[in-house]
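Two complexes follow with chain A in common, the first pairing it with chain B and the second with chain C.
Up next is the complex of A and B:
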């Protein structure tokens, strides 16, 4: 298997990831890429609470994730790589040619953002950043749960 | 007499609101619980909603799942505070117990509610 999903989701590990995607994918591991969480054992314990014991959780900085991608892509289990914002996955993508697809799973309301989909709010700069990643050949769709229609980036940016 | 505890139900979608309505229908007490949904929230927005619901009072946070954004946000907010306690796996039975024991400390009320909620989970013969 491999990393089945490269997901941008500002809630990081939560029900949609562990249950909504985790059940149908028979998820074996989650890589959470976030520099702040990587440096906080307390935050890591908090995120582990939401994950069944049979699913491994790896906490990585952006730099560690760039180095670890080949190993995770070759893993016999199915994995999800999670980032909390576009910038993190863009930075990871800039250092790796492994990322072919990005799933926008949840970017919620904040000052300066406007609603693009029920679960996707973006500033104009963030929308442009997604289009730029798509122009580099990465397939980008928005899809909160597996049963929803994957919405192509052109439809929401 | 000190101010009674506030119960804050923290859930996905409309679970919290439905539980609050059910408790009011059963007990007639409609001011003991405050519902908070994580709909449309990142962790920052949910923290704001939760802080507004607690309003600086001693409180017990009743969270739906033992993981995920509702729990992580609740625990971050309760961290280091002795006047806020957290319980997961909220159900109607634990809330019904809580609304009649709001004079306890947050930790004791949380422990008691968790016990009442756990006792309500059974598999009776049909």
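Up next is the complex of A and C:
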């Protein structure tokens, strides 16, 4: 198998990821790409708590993730790669050229962001960044859970 | 810290309304901020409200977890604010707590305590205990529910940024591990008892039809997993029974 989902979700690991996507995908590992969480043992502890023991959680910085991608893509288990914001996945995409699809799973309200979908709030700059990634040939859709309709990037940016 | 107890009590009371202002923009955020506010009042120093106002505003940012466990983030974030943690750290704490508190609450309550106590009450009614079984359910379920809310708020307030250690408590871990099997046992006990109790007034032929429908429903639920749920199937049957019943008369 491989990394089945490259997901942007500011809640990182939570029920939609572990149960919503995890069960139908028969998830074997989660790669959480976040420079700050990578260096924060108490945050890692909390995130690991939301994951059943048979699913491995890997915490990686952007640089480590760029190096690790070929190995994870070749892994016999199915994995999800998670990032908390668009910039992280954009940086990873620019470094590795392995990312073909991006799932926007949840970006929530913050000052300056406007509602695009119920679970996607973006500033104009963030929306432009997504369109730019799409223009580079990456297929970007918003979809919070597998049973929902994948919304193409043009419909929400 | 003399201010602690009344403020914690007030915070607990406000936590009962935590979902009242639920919306897609902030989910439980406003409710959490309102519940956190009493704990943040000591941040007003000599009439200067700057720190207090900033902390209350942070408290009301986006948050979502299990409603009974929201107290943990209320207490922990308030404690972190008292300890003058950096604003980004408080934000990161809130973000990191959404997932584990959501999944822990689901396991403990939605797929554990609630169906378990409900099933025991149903079994009690089926065994002829009547209204006292329902009353006992309301008392027992809510004792557990309020105790969980109170524990969460106090643990958050005691541990602050180190709240992970509170979630590692052996008792809590054991409860999370046992809640699923206990629920399955209780529901497994209640289902046949309830079926016998409900089918008792019907003649044998009707009971056979009921058994057939129950078997079909179970098979459909397994086969069409994710597309059909028990409630919809039940309502569909009710409508069908009404229509057929009317036509029959």
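To be clear about the criterion, the second predicted complex is superposed on the first by the 157 of 157 C-alpha atoms of A that agree within 3 Å, B and C clash if a C-alpha of one lies under 4 Å from a C-alpha of the other, contacts with A are read in each partner's own complex, and residues count from 1 in each chain.
Here, a residue touches a chain if its C-beta (ideal position, glycine included) is under 8 Å from a C-beta of that chain, and two chains touch if they have at least 3 such contacts.
None of the values given here were measured: they were computed from a predicted structure.
In the model built by aligning both structures on chain A, chain B clashes with chain C.
In the superposition on chain A, A:18 makes contact with both chain B and chain C.
Once the two complexes are laid over each other on the shared chain, residue contacts for A:147 go to chain C alone; chain B is not touched. Of the two partner chains placed by the overlay, chain B and chain C both lie in contact with A:50.
The larger set of touched chain A residues comes from C, when the choice is between chain B and chain C. Contacts of A:108 after superposition: both chain B and chain C are touched.
Once the two complexes are overlaid on the shared chain, A:36 sits against chain C while remaining clear of chain B. Of the residues of chain A, those at positions 10-11, 13-15, 18, 46-47, 49-50, 108-110, 118-119 touch chain B in one of the two structures and chain C in the other. Contact residues of chain C toward chain A in the complex are 24-27, 61-62, 64, 92, 95-100, 102-104, 106, 161-164, 167, 226. Those residues of chain A lying in contact with chain B across their complex are 10-11, 13-15, 18, 46-47, 49-51, 106-110, 118-119.
Of all residues in chain A, those touching chain C in their complex are 10-15, 17-19, 36-37, 40, 42-43, 45-47, 49-50, 84, 108-110, 115, 118-119, 121, 147.
Residues 12, 40-45, 65-69, 71-72, 75-76 of chain B touch chain A in their complex.
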